[in-house]
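The first chain written gets the first letter, and so on, giving A, B, C and D; residue counts start at 1 in each chain.
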Amino acid sequence: DRPLTLIAGPCQLESADHAQMIAGTLAEICARVGAQFIFKGSYDKANRTSLGGRRGVGMDTGLKILEGVRNSIGCPVLTDIHERAHCAPVAMAVDVLQIPAFLCRQTDLLLAAGETGAAINIKKGQFLAPWDMANVAEKVASTGNNRILLTERGVSFGYNTLVTDMRALPIMGRTGYPVVMDATHSVQQPGGQGNSSGGQREFAPVMARTAVSLGISAVFIETHEDPDNAPSDGPNMIYLDQMDRVMTSLMKFDALAKEDPMRV
Amino acid sequence: DRPLTLIAGPCQLESADHAQMIAGTLAEICARVGAQFIFKGSYDKANRTSLGGRRGVGMDTGLKILEGVRNSIGCPVLTDIHERAHCAPVAMAVDVLQIPAFLCRQTDLLLAAGETGAAINIKKGQFLAPWDMANVAEKVASTGNNRILLTERGVSFGYNTLVTDMRALPIMGRTGYPVVMDATHSVQQPGGQGNSSGGQREFAPVMARTAVSLGISAVFIETHEDPDNAPSDGPNMIYLDQMDRVMTSLMKFDALAKEDPMRV
Amino acid sequence: DRPLTLIAGPCQLESADHAQMIAGTLAEICARVGAQFIFKGSYDKANRTSLGGRRGVGMDTGLKILEGVRNSIGCPVLTDIHERAHCAPVAMAVDVLQIPAFLCRQTDLLLAAGETGAAINIKKGQFLAPWDMANVAEKVASTGNNRILLTERGVSFGYNTLVTDMRALPIMGRTGYPVVMDATHSVQQPGGQGNSSGGQREFAPVMARTAVSLGISAVFIETHEDPDNAPSDGPNMIYLDQMDRVMTSLMKFDALAKEDPMRV
Amino acid sequence: DRPLTLIAGPCQLESADHAQMIAGTLAEICARVGAQFIFKGSYDKANRTSLGGRRGVGMDTGLKILEGVRNSIGCPVLTDIHERAHCAPVAMAVDVLQIPAFLCRQTDLLLAAGETGAAINIKKGQFLAPWDMANVAEKVASTGNNRILLTERGVSFGYNTLVTDMRALPIMGRTGYPVVMDATHSVQQPGGQGNSSGGQREFAPVMARTAVSLGISAVFIETHEDPDNAPSDGPNMIYLDQMDRVMTSLMKFDALAKEDPMRV
């Protein structure tokens, strides 16, 4: 029942300077409000809605940026992987490997990730029930690696729409692994803008607060100083200059939730 | 931003004594924790899954029980109506008329309810989007009656399953009417037991807490001293002897939410 | 395994002349292609999306129009009812009483309809699983009236969207009652135009053909000579001058399906 | 508007003899009924519900089996791939590379598959709208390879359930690429048996017939002489000895549909 962890960053890594700026700002906020902080950045967006979507800086550059953040800010860093061959090299540079939602059933990727010994954050597929994640986590755990996090990011609800079932959080919690709420992607509207995904940035704090009120371990938020010009996920990212207010508020709910744990 | 209101009762009215016992217990809890209280009881369950489901004590007996509660406990009382001809007589005996979710698009019922001048609690249909409720409320408001409450009770999600989209609460709140979370029916599994509906009682407090953390006006909870033997909704009702704990906890989240309102 | 029945008409009754024109055209088409024909018209749209939607000609005028069609065309007529008190008078004038989807769980309406002895067409609620309709039909059958039809009209699928599960047709068929496919309302987009429902007229023939290929008893289609100016359901009604082509095609699939019945 | 193609096989390849038996039986049926035939077999099930699910014979053995079928039966063969590095070697041995539904947004896999010049069958993700597939196909087409097929296999509908929207077939058809109905996986109940997926074998012919009635290019069916003992997908596979009857029936609907094309 430690205080809330914030997993946050700019979605796509853009440059070392940009990552340092975002990470520094967030680390400072977390220090002030008493949250733990993990920096998140992607070096490759491997499943864009359409070919025209920007892919990212690539693995080599990305890992250098992430190591740079880790060294200068002193926070753990997280990135997502899409092929099993990437697990080992990426795990040398980062603390947490993230399994994307679409890939959460790919056995070889889960095993390769688990075998690195890094912490593994598995996003629940938009096509899965929360109880299905026990089998998914077991694939990683079979490698002897129990440093597993399970992330809710919404479930398919008709076309181009996701809904978050709050019951999913305590249900995934029954596995004993820390549960994370992805407040950014749960308000995504997949494919909702034709050639890219839409989103409802204004509801990200709603998702975060309701989830935190249940006493979860971490909240995942993508943030940018200028979301409308970010290379991906702009419509659902929170403005960086609002993160202080968001986190200040969330920590109050986190404290209350952890004083008053809900047993389901 | 007044403190949370609890709308609660035993689902079906069973007898005057039973109603008084439940209402008295809840009124006392609410007084202690600083919540407002509205007693809820149904005199007729007009849309049971199957013919074998118990219907209730009937209108005459039901209204006497409700008036009795109002007089002895001094709390407002709420009941649901299913035909427009019932609106006027029922409104003589109760403070709040409730429009059932299945009937929330029936124009004549909404108009007849509105014309009584009573407060009208409209449950959102399982088949509606939250933004559709503005048109529904407008039907009542067209009568000159603006004493309207809008209640979330889950939306259809595949077969025999409901899901609650937390975004629905602030979206309905944009109408300016008070928003209520029905923590009991949102965890119903409609038709899920073949000849009756199932439910997930253990998740009712999850629905209540997450909704209250958003600063809603009221929470709706059905409760019974022996849910497994209640004539309806047993699987999703909370034990009466747990209501004190549930309300004590909810009031802390309510206070925090109202200190720190979320603007969406 | 009789040939397909067409249940069709202009959604809302507009005038005697209009109803006669539509009914005459459809009766002629059905005679030519070998289909049975039931004329459908509503005298009251009791659950419009918003107050501004046109309600209809009213019961008295509507029943006279329907009787006129029955007398002059010689076909059975169908209309929908919304209150139990309407069942008896309406059943004097029409052959088939239709229970609207939103009202398909209202026990008293089902009983009152059943007691008239008229045939009862029950639309499956957008919030129900197909197997839930056995309990619904049983409410009518409890009156001794077994002249029951069960209609598929889509199930809620996210917000403002319906989907038709083709498995629903054989599942409802297991009750032994004739199964009807409503090709018009299954392509409705409920509330999808803000103050009214949208629709996808172009997909109505898709719904009809796929359902007929399974050997169902009847197809329900709303049609109008000028759908875009019809008082309701315009976006999903088929042009009257296309009904000949639609029915000619459907009868070929019907014949094949009934030669080659599918046992599920 | 060529006659229907059957894409079929035993889900997992088990042995050369088994594959030859299944392929021979199906080829003979297809020859008799006038259908084209593509043999399908998987050498690796890379995304089983749980670790305990059998993975398959592996790539080397699997490709030998597939080449054997191609040589002896003279039919094209199809298999699914899960990593981009597999595309080139697999394309040497098979005619059609299949992109699994979970992986249908993985840009690199689509590009690598397209670059082989083989035909590419892309399964629509359970989390995608049918119109989203145009962007997916475009990723393959960007390689200059237009030999693309698009397969419907159901969309997420609540938990552990899929539904097939028949509108998806003509919507995907608007791309100009051949459309395939996967009658086996569309009746899967993902994760529905706890540690494995359930299925509703009895509804596979319903999915096939309704889809074929719309004039699609191909139907995908998994079949086994003893489904209950098959290493995967048993609950939704059709018995091999029923395939003759199923195909005989489907070809009648195919002929009618192609005489009477539906323009949407």
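What we mean here is this: contacts are C-beta pairs under 8 Å (C-beta built on N, C-alpha and C of every residue); 3 or more make two chains touch, one makes a residue touch a chain.
Note that the structure is predicted; figures quoted are calculated from it, not measured.
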Chain separated most widely from subunit A, comparing mean CA positions: C
Whole-Å gap separating subunit B and subunit D, where each centre is the average of the chain's CA atoms: 48
Inter-centroid spacing, subunit C versus subunit B (mean Cα positions, whole Å): 33
Centroid distance [mean C-alpha coordinates] between subunit D and subunit C, Å: 36
Residue list for subunit C, restricted to those that touch at least two other chains: 155, 157, 159, 163
Contact graph of the chains (line, ring, star, complete, other): complete
In the complex with subunit C, residue positions of subunit D that touch it: 155, 157, 163-167, 169-170, 187, 200, 202-203, 205-207, 209-214, 249, 252-253, 256, 260, 262, 264
Footprint of subunit C on subunit A - complex, ascending: 157-159, 161, 163
Subunit D contact footprint on subunit A (complex, rising order): 46-51, 55, 82-84, 102-103, 105-108, 125-129, 131-132, 135, 138-139, 142, 155-156, 159-160, 190-191, 195
